[in-house]
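My questions will all concern the structure given below.
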Amino acid sequence: MLNKNVFTFIGCDCEYEDAKIVLFGAPFDSTTSYRPGTRFASAVMRNESYGLETYSPYQDKDMEDYGYYFDSGDLELSMGSSELALQDITNRTAEILADGKLPFMIGGEHLVTLGSFRAVYEKYPDVHIIHFDAHTDLREEYLGVKLSHACVIKRCYDLVGDGRIHQFGIRSGMREEFAFAAKHTDMHKFSFEGLEAVADSLAGENVYFTIDLDVLDPSYFPGTGTPEFGGVSFPELLKAMHTVIDRCNIVGMDVNELSPHLDPTGASTAAACKVVREALLELSKGDC
Amino acid sequence: MLNKNVFTFIGCDCEYEDAKIVLFGAPFDSTTSYRPGTRFASAVMRNESYGLETYSPYQDKDMEDYGYYFDSGDLELSMGSSELALQDITNRTAEILADGKLPFMIGGEHLVTLGSFRAVYEKYPDVHIIHFDAHTDLREEYLGVKLSHACVIKRCYDLVGDGRIHQFGIRSGMREEFAFAAKHTDMHKFSFEGLEAVADSLAGENVYFTIDLDVLDPSYFPGTGTPEFGGVSFPELLKAMHTVIDRCNIVGMDVNELSPHLDPTGASTAAACKVVREALLELSKGDC
Amino acid sequence: MLNKNVFTFIGCDCEYEDAKIVLFGAPFDSTTSYRPGTRFASAVMRNESYGLETYSPYQDKDMEDYGYYFDSGDLELSMGSSELALQDITNRTAEILADGKLPFMIGGEHLVTLGSFRAVYEKYPDVHIIHFDAHTDLREEYLGVKLSHACVIKRCYDLVGDGRIHQFGIRSGMREEFAFAAKHTDMHKFSFEGLEAVADSLAGENVYFTIDLDVLDPSYFPGTGTPEFGGVSFPELLKAMHTVIDRCNIVGMDVNELSPHLDPTGASTAAACKVVREALLELSKGDC
Amino acid sequence: MLNKNVFTFIGCDCEYEDAKIVLFGAPFDSTTSYRPGTRFASAVMRNESYGLETYSPYQDKDMEDYGYYFDSGDLELSMGSSELALQDITNRTAEILADGKLPFMIGGEHLVTLGSFRAVYEKYPDVHIIHFDAHTDLREEYLGVKLSHACVIKRCYDLVGDGRIHQFGIRSGMREEFAFAAKHTDMHKFSFEGLEAVADSLAGENVYFTIDLDVLDPSYFPGTGTPEFGGVSFPELLKAMHTVIDRCNIVGMDVNELSPHLDPTGASTAAACKVVREALLELSKGDC
Amino acid sequence: MLNKNVFTFIGCDCEYEDAKIVLFGAPFDSTTSYRPGTRFASAVMRNESYGLETYSPYQDKDMEDYGYYFDSGDLELSMGSSELALQDITNRTAEILADGKLPFMIGGEHLVTLGSFRAVYEKYPDVHIIHFDAHTDLREEYLGVKLSHACVIKRCYDLVGDGRIHQFGIRSGMREEFAFAAKHTDMHKFSFEGLEAVADSLAGENVYFTIDLDVLDPSYFPGTGTPEFGGVSFPELLKAMHTVIDRCNIVGMDVNELSPHLDPTGASTAAACKVVREALLELSKGDC
Amino acid sequence: MLNKNVFTFIGCDCEYEDAKIVLFGAPFDSTTSYRPGTRFASAVMRNESYGLETYSPYQDKDMEDYGYYFDSGDLELSMGSSELALQDITNRTAEILADGKLPFMIGGEHLVTLGSFRAVYEKYPDVHIIHFDAHTDLREEYLGVKLSHACVIKRCYDLVGDGRIHQFGIRSGMREEFAFAAKHTDMHKFSFEGLEAVADSLAGENVYFTIDLDVLDPSYFPGTGTPEFGGVSFPELLKAMHTVIDRCNIVGMDVNELSPHLDPTGASTAAACKVVREALLELSKGDC
């Protein structure tokens, strides 16, 4: 008898019960102010992930050895109502957490992080955020809208307050945002300088890890709504991810802001897929 | 002394006081459920309109003879808050109407029509709507959202009620939408059949004229979020526009749903620009 | 508990046991001589099919009323070995036929038809072929290769012989191919002229129906490896499909030669999806 | 011993001595005011012409039967100096004419016609021009430049004067250009209406035949700098070409204004190639 | 009362009287020998500049603090007549200089530099040129044309003579051009090596600064007519710009050779915009 | 008398008798499992090579000084039959070798290397392979196919056995492939580390040099079927090529896996062209 067409990110094909890490897509870009398209990221990444192998020569690990990755597909989110969309994301994240598994979200615009983080924060009120990005995302509002991709880290700050948000790679924002960061967040401009120390100081602590892929320089990652030159390299990003995941206790993670159709070469999508594969393997710390 | 860089749709460069018709762009596509991008239409159309001439050999009229077209530029609309965006559109339309001029909006997704129509309906409560489209746009809601491009004609219906909405070219929708139309709107499926009679019956009456450009067959107009084959031809559209504008008293108009980057040939944008030029000249009924 | 990510063509989500029609993709373009890319058609069509509705205003039928369409996904075919790929296609088709269901294949290049037809011919040795195409596909070989997209109808002819192949829309080929057709197939050049009579003569007979979408004029369907102007229109194709499916007993069907990335507007994919939806509904002849 | 890489338009591979028709490319677009790119047409057309066959089922003729087509490649033209470029074109054309062969030029922007026509006019001072185009091309100057694509027919008029230029399909221009045409050229707006009569009246006369491919509607031919809707269909163009070539004595011909990269589907290039193949076969009037 | 649609580069919206720096676009690419398209750069850059912020974290300066940047829009240049186009550029530059303001031109192909430099040289006959580029641009002529983008620095040399032109990043040209440079210009191949010393030696002197953006490696900047690998990185370019502007007295500046449509990701345009923003802020040396 | 249109890679226009190095294209991608398109590489590279100069400032050499490069054009290979295609490649290579010239092949997918290497191995049974690539290419089979691009180095290994294959830059493959390499090939992961020593150890020995261009990081070279981040830079590749060619006796060479249409900026093609020019000049060791 023929089977239904099950379609997953490469190597994420275990049964839900056996899963330790659960992927889901949050195809939402309704508040994107500049060039939309991140809604297509998760679906395109599933397709293109098969250009990768399950084996990583960097870590000498194979996804097939672990076999506990599950892809629960994309949420069907309401374009035009950020609050409805965020609620759906929070529910999905909460369900995964309730089952004792790790939620791994693929955006979507960066606003989706708020949905996932709300559930994580509910369960882990002491959680820190490590935030890789080109942009501060610390606006109080954008054209009158508080639930905007440009405000997402400020919204998270509203929950956790001072000293819990650690930002790296930041190189764009309003002067006011940088001033706010100087007072209220742990911002590291331009690069990953200082990450080792931060990771050490958070060793073993609960961390929500959000990667806005535009932290990468556009020479590596042009496929995003607002490319900002002066960013980090791909090898630097892999190394920084290792630093964070290896030392901290990741309780939620997301990778966001790929806009696949903006880069017709497919290279940006390939970069995003490799980031996800490497992250999944880094998160697989114990024995196979 | 050097001048500021004023940038208008071709031929729309009079002073505001002298204007009879006022263009404005509504760059909003926040509720688009499928492929976004209509936010770029008005800016790209201004650029590409210079591939046209101001003279129309079809009508043997020249925009320069009238010289009463004004382009007030694009509204800065809030992505992520449809109600804020619609309010801004309503305000702009109301201001133009208050000054005794005709508002001519370039979308944006079709939801923007609701913003403009609210102001027109406020001034002309007896107004009819003539609606060219591939889609019914009669959903009550879409994934829980009532202010969605897929619901815009239903939202207009909520204002005007039975018998005031005349739809042409419709070829896609849910069965329930077609059933609703059979009872509550004057729907003409697939083509402009019946338009002459409708225009005659509305001769001299106040009409809001909304053209979703996807009424065109995708062979003419692929640059739109949801191309739907089986549509009308470009010459058929020009003729139908003439029928409507020549006989009815147009009190508001919009042209929407061009997504320029989806058609890299630029042909879809060229089609949209020609539709706007021909409409502006058709609306210029009296002497020069 | 979260579900696996099942991904189907719109409306094709019943259980296999309940299915009457079974879709599958044959992502193969290894012999394409000019511009490859049809391997991506079935996956892209699944994605884009959600731009359609399940309801057809042309037929006043809704896929949800029938609910017996199943999408079994894509075969994993061997690029570089046509014989292996064809064998896999034949096996899949035979399995569907053995279960008393109708196989509906989405190519891939036209060579895939041979794989499916071999299984159909095995079960129905009296089967006729109705073939819509721009090209004759009657070469004996192409650069020494007999299993080539340019030879596929000749390979089918090798099975069924004279008088069983009915070709429409043909407008490109070598002089020798046209000469062969004049003697051995029932070829109708340029259009669907004569289709009514052919369909009448085959009323109730077993027919394999293969649609090379490049039968459409490139103004409707540029997204194909070898666009050939002078083709039929989209409405003409819908009407011709109705003629064939309404009168004949379709025992196998395929739609092929969409190369989605060649048409970045997505219109060609939208055309292909609408062809498939209309075909599925036409094939649903009895009560719901 | 290995041969040099000779690269020709399909079927144009005889020796020069045996040639009756000589193709050459004029890759020049230096005066294009809007979107450049026609410089690439001839090279891309050579590549893509192999998607065609040498046999035309429309005419039941095969280029291989005649075998007297020669492709002399592209001129190397000076971007930035129209007069130098035109001189090179005139020289090439004159050389072909001097050898008793028919020059067939592939543009390039429409200005290149002036270069070729100067040589033809030198040899045949009684020559008429049949001109297919969307645009009048009758400006006296464009931003101070007289050698502009927008002025090319006016420059030819300066040579031949009243009554010798026959224009078809025209649908764009300044009012002044249409007024000029009404007095000085034989202009047929929008379509090929009147072509039969013109061709009859010029039966056997020397005619230079210039086809600006944007005479085609952009649904057929979006790959051009200034797409103008409301044009003729591809079958209408083929028929009109037959009318002209069959009745008149063509002493020079060109096909121009394809800008291949503007249409990434390749369909516009395919249309241009088919136009050239059909023209070459129509021009092959006698026995093989 | 509604305002006209004024459209400027981000942050360049003061009144002309208040301006210290005046931007203008020179949309000209008529002599481009390879892939045209730089004519679109200034218009596209205005659009995309809004993906930036007015604040630079690199310099900790905000354009809004200075508020003396004016965008006078694009010149309407004659394609097909380089001399007419250059004259218009010279006039615009001279007008800005006469008003005591700094001209900042956005090309266009590199030939436009000659137009601007002529006016600067007229006012400052002792001026030096600092030239960043991948190409020597030192040909005496190109296919018989002296006013060619490939000759622009040679044309400037014809004005200023030996020892006044300082070239950096050069990695492509004919052997003869490199030989010429060895004798007559101060050429630094491949990188910015030696720039510190040159800038020191020109401290306080009048310098015309011309940046051909293809000095960047194509990994950073593929959107240009002739991408040449082996170039400098984006951070290296920013640093080099700082070195020049900080030490020398810039009396004219241009940024050229972006061809925006060649890079559909938009990253090249984003790079160009950031270069212009950083340059404008670097040029703002005194107090706010 | 006009000449035929001879079309070569820049600078490769000597007579065959005078040639020391013979280029040919192998436009084959029939087994490509992911994104096809390398079949277009050689033709597109010929076109775009004219964006280069014949002079290299890196080596201070000019192709015109040597003048012994010949471009014999593209083979016409059978899509759908790898064995036929490989045989044609082997024959062409053998013919060049028999004439005492160096074969330089431009792929095509990497499988074409097997065709060329078979001829080289026949003549030089002691030959070593130096292999630059992102991928191991050491699979025994791929979906049942042994003649696959994913298996090409394994097929070469089947000929030469242990210790003769030297791989650099490898960063993707199955765990089994890396395990195989650890035992049977001289694999250097991620970079060119160790290349100096290998080149020294092979000084003066016969070497077949195959460069899969995806060894480059996708920031430099996105135009390939399977972009794999973490690769080498363009300057690193040039340096490594110098190391190999300067010290070893190259008896056959190929450059493969450019898929030009995947990178619409043209930068990847420009990279490939520059690699070929630099390689040709490096191979020109003696006096001019």
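A few points about this structure:
In this document, chain identifiers A, B, C, D, E and F correspond to the written order of the chains, with residue numbering beginning at 1 in each.
Note that in this section contacts are C-beta pairs under 8 Å (C-beta built on N, C-alpha and C of every residue); 3 or more make two chains touch, one makes a residue touch a chain.
Remember, predicted model here, so these are calculated numbers, not experimental data.
Hopping across touching chains, the smallest step count from chain A to chain D is 2. Of the pairs listed in C-F, A-C or B-C, the one whose interface repeats that of B-D, with over half of its contact pairs matching by residue number, is B-C. Note on chain placement: the centre of chain E and the centre of chain F lie 38 Å apart, centres being C-alpha means. Contact with two or more other chains is made by residues 219, 263-264 of chain F. In terms of which chains touch, the assembly is arranged in some other way, matching none of the line, ring, star or all-to-all patterns. Pairwise chain contacts in this structure: A-B, A-C, A-E, A-F, B-C, B-D, B-E, C-D, C-F, D-E, D-F, E-F.
On the chain A side of its complex with chain E, the touching residues are 34-35, 170-175, 178, 189-190, 217-219, 222-223, 225-230, 262-264, 268.
Interface residues of chain F, counted against chain D in their complex, comprise 1-8, 16-17, 22, 24, 43, 46-47, 70-74, 92, 95-96, 99, 264.
Of all residues in chain D, only 29-33, 36-37, 39, 76-82, 84, 111, 142-145, 147-148 touch chain E in the complex they form. Considering their complex, residues 50-53, 55, 57-58, 62, 219-220, 234-235, 238, 263-267, 270-271, 274 of chain E touch chain A.
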